[in-house]
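Letters A, B, C and D mark the chains as written, and numbering starts fresh at 1 in each.
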Amino acid sequence: MRKWFKPISLATVILTGMLLIYGIHDMPSWGDPNSPANRHISPRYITEATRKTATPNIVSAVLGDYRSYDTLGESAVIFTASISCLFLLRRIRRQGNHDD
Amino acid sequence: MTEYILAKYNFWIYVVLMMIGLYAMMGKRNLVKKLIGMNIFQTSIILLFVSAGVKKGGATVPILRHSDYGPEHVEHLIRVADYLNPLPHVLMLTAIVVSIATTGVALATLILIYKRYNTLEEDEIMAIRKDIRSYKTPRILRSKD
Amino acid sequence: MGEVIYSAKPLWAVLVSMVAAFLILLTGDKARNLREGWTILAALIKFGLVFSLIEPVLAGKTIEYTLINLLPGVALQFRVDAFGLLFGVVAATLWIPTSFYSIGYVRTLNEHAQSRYFFSFAMCLSAAIGVAFAGNLLTLLIFYEILTIATWPLVIHHEDESAISGGRKYLVYTLVAGCILLLAIAITYSLAGTLDFVGGGFLAGHGSPGLLIILLIMFIAGFGVKAGIMPFHEWLPSAMVAPTPVSALLHAVAVVKAGVFGCVRVILFVFGPQLLHELGVWTILAGVVAFTVVAAGLLALGQDHLKRRLAFSTINNLALIILGVSLLSKNSMTGGILHLANHAFMKITLFFCAGAIYAKTHKDHVSQLDGLGRQMPFTFAAFAIASMGLCGLPPVNGFISKWFLCLGAVETHQLVFLFVILTSALLDVAFFFPIIYNGFFKQPLPDVAGKIDEAPLIMVIPLCATALFSIIFGIFPNAFLNFFNIVRLAVTNVLGG
Amino acid sequence: MAAPETTNYCAGKKTNYKKTSLKKMIDQLPALIIVAPLLGAFLTPIIGWRYQHLCHPWTLLILTIPLYSAVGALLKVIRSGPFGYNLGGWAPPWGIEYRIDYLSAIMLVLIAAIGLLAAVNARPAGKTEFKGKEAQLYTLFLLQITGLLGIVITGDLFNIFVFLEITSLSGYGLIAHGEEGAPMATFNYIIIGTIGASFYLLGVGYLYMATGSLNIADLATLLPALYHSKIILVGFAFFTTGVAIKMGLFPLHIWMPDAYTTAPNSVSTLIAPLMTKVAAYLLIRILFTLFAPHFALSVIPLATILGWMAMIAIIVGGVKALAQTDIKRMVAYIMVAEVGYIVMGISVMNRAGLTGAILHIINDAWMIFCLFLTIGAISYRGHGREIYHFQNLSKKMPLTMAAFVIAALSMCGIPPACGFFSKWYLIMGMITAKQWIFAATLLCSSLINAVLFFRVIEKAYLAPPESMGHGHEDHEAENIERKDAPLSMMIPIIISALAILLLGLFSGKIIDVVIQHAVPAIF
């Protein structure tokens, strides 16, 4: 079992890589201003975000207002992580039972 | 061919990074190395996203210049091509946070694992766990207290 | 079909023993009389409910109650027609003597886990009535599976090695059968879009002949497991480790009868005689069943354990019922369906007797019964009556059903089946009469008491009652419960006109 | 919601706000479903700072809000059809939208109900196992439930990722607190789970690059033109793989049995029934809402692949479960098989199969929930989890064992428990698709389940060997101390057992009212 571990993971990785490379073929070129990603939704952010949110920084505007629920989730993620770490690492001292 | 590769070089970089990360996560037997692999893996995806927002031809960071912003500006004059696509940046800000959070929790579990088995090599941990399950004294024993 | 009455009575008939089951569980071992009171009360109420359905059904009406829709076009639905009613009446009637008898049996032998025992018993009855009154295949399957599960605690009641292995065998057989049935019913549904029983079948015109034959095999295999048709009978003798009232219930009232009931339902109400004639498989079906009849009779001869001998006799008789139905002629159908009821009364008597003998003397082998008839004359008399009935001797009710079976076999011009029926009667004689002879006429074994020393009255009275009823139904087939009329009506429903 | 803004720049926003404020309270329910438990989670540590004992009632109080709102949303969907909710008042492709249709509404109710009951069940564990850490425990509980609800409610692909990560992170924390092997199992879960989530994110990225949108409804209109683009194919592959990892579909299930076995009982009770089901929900969303059904059927043969995967999952799950003596691990392996059921129902791509899959998502959640609850209660009373520890347990914990039996019978597909009905629809789906091998696999698997559970039931209900053999009244039986689960464990156990029966009896109704509308109209 141990012996096969590396070849198997290598094969998986190569397979995944081939799949990724296969996908590259139809990808828009790097920095193409007319790629779908740059055409469909984002222009509106650039033109109207500042007017509607009074923020010249569009990233902030989108982060804090258009997609504010993602940001709320993001803060929840950080909160979750911190509580998880506390939960796991904090030692509770019980009376009469000190385990150090 | 070279042009073809160069035109999408961002993807090639991300594919290579991703494969390195993936291999480290699956093939390495040291838990910290796996964790590092995980970080590389996540970074490669961040790279992919951010590169999707790039616009060639003089586009700059998506912070409006003063000429485009202010009481006297005229909205239709804002040229979309002047600014990078802001959305991938927004998404990746969140993704970075997620990646950090995951790393944090993973490190916390690593601390637990180290405390319990006094090693971070997966093979050794497996051996110890096998001994524990069969009620033997663990091979690599360090009396805790 | 005639008028339809919408009434919740069938539902109550099912629920009453289910409610009783939970009351029994709640009452527990602490108040035993109260607990047994629930059983008796539920048995009486249930009988009353079922009895009240006889009259409208005989008037040509159908009682229907739809609970909830389970699938598009298929509901959890009770529909009481003549055939279902027959099984329902048999089960509800025989529960009363079985309840009394059980109380006597478990108290005499001081059995453990009595609450569980009575709980499962009541659940079984509930499920059996549900099977009887089910209006479609899915409802039937639901109660059939409940029956399977509810019987298991009874089979393993003794909790020793043989009981547990018998229980496992039982579960493996019946659960596999349940899966096959599920598949068969799903295929039926996808073919016909309905699962409601129709006298004369509803599958005609759906699907290719090949598929229909496979479907029939799946159905017969699925229900045949409980009915003990020959390659699938193995679990039944093993399940004889259960306490005797359980065997009585298993054999006569609920479980195997549910299997037979399912087979008949499928043959007559899903496929229908017409379709089976067209497919030309009825002779094969009848042949398989006829083989079971003879083989089970021969195997019974070799059994020394009384209950195992009875078990093989059950397999023999159940196959006879299916044989009658699969011959597809009017008289054979009448005989087969009537035998469903008659066999119940006779076989329950036999098991009651076996149980009474065991409870009194702890004897359960045929060879140990020498001269015991002098000590337990009533028990042995009842035993004699019931075995005469199974052999087809008048005036016991078995005679009538066998008579019709023979008539039916002659009608189909397949004399080989007539021969099978007669052979089985002869085999019945061969394996029952030695018991009676040993009991009454052989030199008593040293441990047999010289004077009359019967099992407790609470056990003897039920067994005498069922024996008596076997005779009454032999002389007046329409007495009290109108069995003969119900059967006639059921056959008319199937054949039309 | 956001406070009314006063700057001149926000004219458009202001009208939006006014419009929403005029709407009835019920229109705010979707937001409440997420915001309430999230804010509750933020506040829990503050409450726990001084009053640890208040954390549990507080959690329950908070969790009733999403349950109430989810039921309200479900009723609204039944009454007037699917509806959306624009967060912050931004129109969908630009802002984030909550989209509640039949499928997500019933999933919301499922998650909220099981979440609440699991929180009730955690009380005794919070007092013993997690003493002094109650605040963190319940915070993570709330976050876990928030995440699950969020995945189901949102109509935005990236938002799903965020909630997926909230779920995963809280899950990691909760699971790692378990028994001996838990940290190691968690670490594996983190690695594999991150691969899953990242693959999902990669899929989102690919779709974004091909279309420029993140909104599911928007993408559904944009994608059909691009079905033959390689970006979409690869993105789709990563989507499915990522979700399959989260779902624990064979062969990506390797993290699952370990994680759910070693997790604390109260935690696996929460996570095990819901996580896989929510991932299955995501798979249905991706296959049928995001993409058109024919994409997975004809453009790429994914449906076939999924079907065979599911078949192997069912077999492997069943066989592996047979090999276990630890009952919790056995149930974990059964879950592998159950995931196979759901995926198999999806893979045949017809109405009956998908109905069965959705019904099984609901039914199986309750069955697994009930099983983990009973196992948790049994462990809590100090009995072991090995099968031989179940000896005579029915006399010690009769009600718990009764619930266990109901769940077990449902697993074996005995009617009228709910497992039978989902199995029925699944088999109907297989028959419609003429997949006889799949149908046979399903049936075999319920037989395997019967073997698995009856060996436990046999042990639990039969007297120990000492009192065997003599048919006398078992006097030792009275000496066995009868000590059932504590009340806060008993309530969820009884409710879940009842739910199993009621879901079975009313499955026709549920399908009529909800599920048949959740199946895409194309079938």
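The rule is short, and it goes like this: contacts are C-beta pairs under 8 Å (C-beta built on N, C-alpha and C of every residue); 3 or more make two chains touch, one makes a residue touch a chain.
All values reported here derive from a predicted model rather than from experimental measurement.
The set of chains touching chain A and also touching chain C is given as D. Legend note: the chain whose CA centroid lies nearest the centroid of all displayed protein CA atoms is D. With chains reduced to the mean position of their C-alpha atoms, the one farthest from chain A is C.
Our note on geometry: chain A versus chain D, Cα centroid distance of 23 Å, whole angstroms. Once the centre of each chain is set as its mean CA position, chain B and chain C turn out to be 69 Å apart.
Inter-chain centre distance (chain A to chain B, centres taken as mean C-alpha positions): 8 Å.
Rounded to whole angstrom, the centroid-to-centroid distance between chain B and chain D, based on C-alpha atoms, equals 27 Å. Residue positions 22, 52, 87-88, 91, 94, 98, 101-102, 105, 108-109, 112 of chain B each touch two or more of the other chains. Touching of two or more other chains is recorded for residues 158, 162, 165, 169, 172-173, 176, 208-209, 214 of chain D. Listed by chain label, the pairs that touch are A-B, A-D, B-D, C-D. If you check the complex, the residues on chain D that touch chain C are 409, 412-416, 420-421, 423-424, 427-428, 431-432, 439-440, 443-444, 446-447, 450, 454, 458, 461-463, 468-469, 471-474, 477, 505-509, 511-512.
Every residue of chain D that touches chain B in the complex is listed here, in rising order: 158, 161-162, 165, 168-169, 172-173, 176, 180-181, 183-184, 186-187, 190-191, 194-195, 197-198, 201-202, 205, 208-209, 214. Across the complex, chain D is touched by residues 68-71, 75-76, 109-113, 116, 138, 141-142, 145-146, 148-149, 153, 156, 158-160, 164, 167-168, 171, 175-176, 178-180, 182-183, 186-187, 189-190 of chain C.
Chain A contributes residues 2, 5-6, 9-10, 12-14, 16-17, 20-21, 24, 27, 29-33, 35, 37-38, 41-43, 45-51, 56-59, 61-63, 67, 70-71, 73-74, 77-78, 80-82, 84-85, 88-89, 99-100 to its touches with chain B in the complex.
Looking at the complex, you find that chain A touches chain D at residues 19-20, 22-23, 25-28, 35-42, 44-45, 50-54, 65-70, 72-74, 76-77, 79-81, 83-88, 90, 92, 94.
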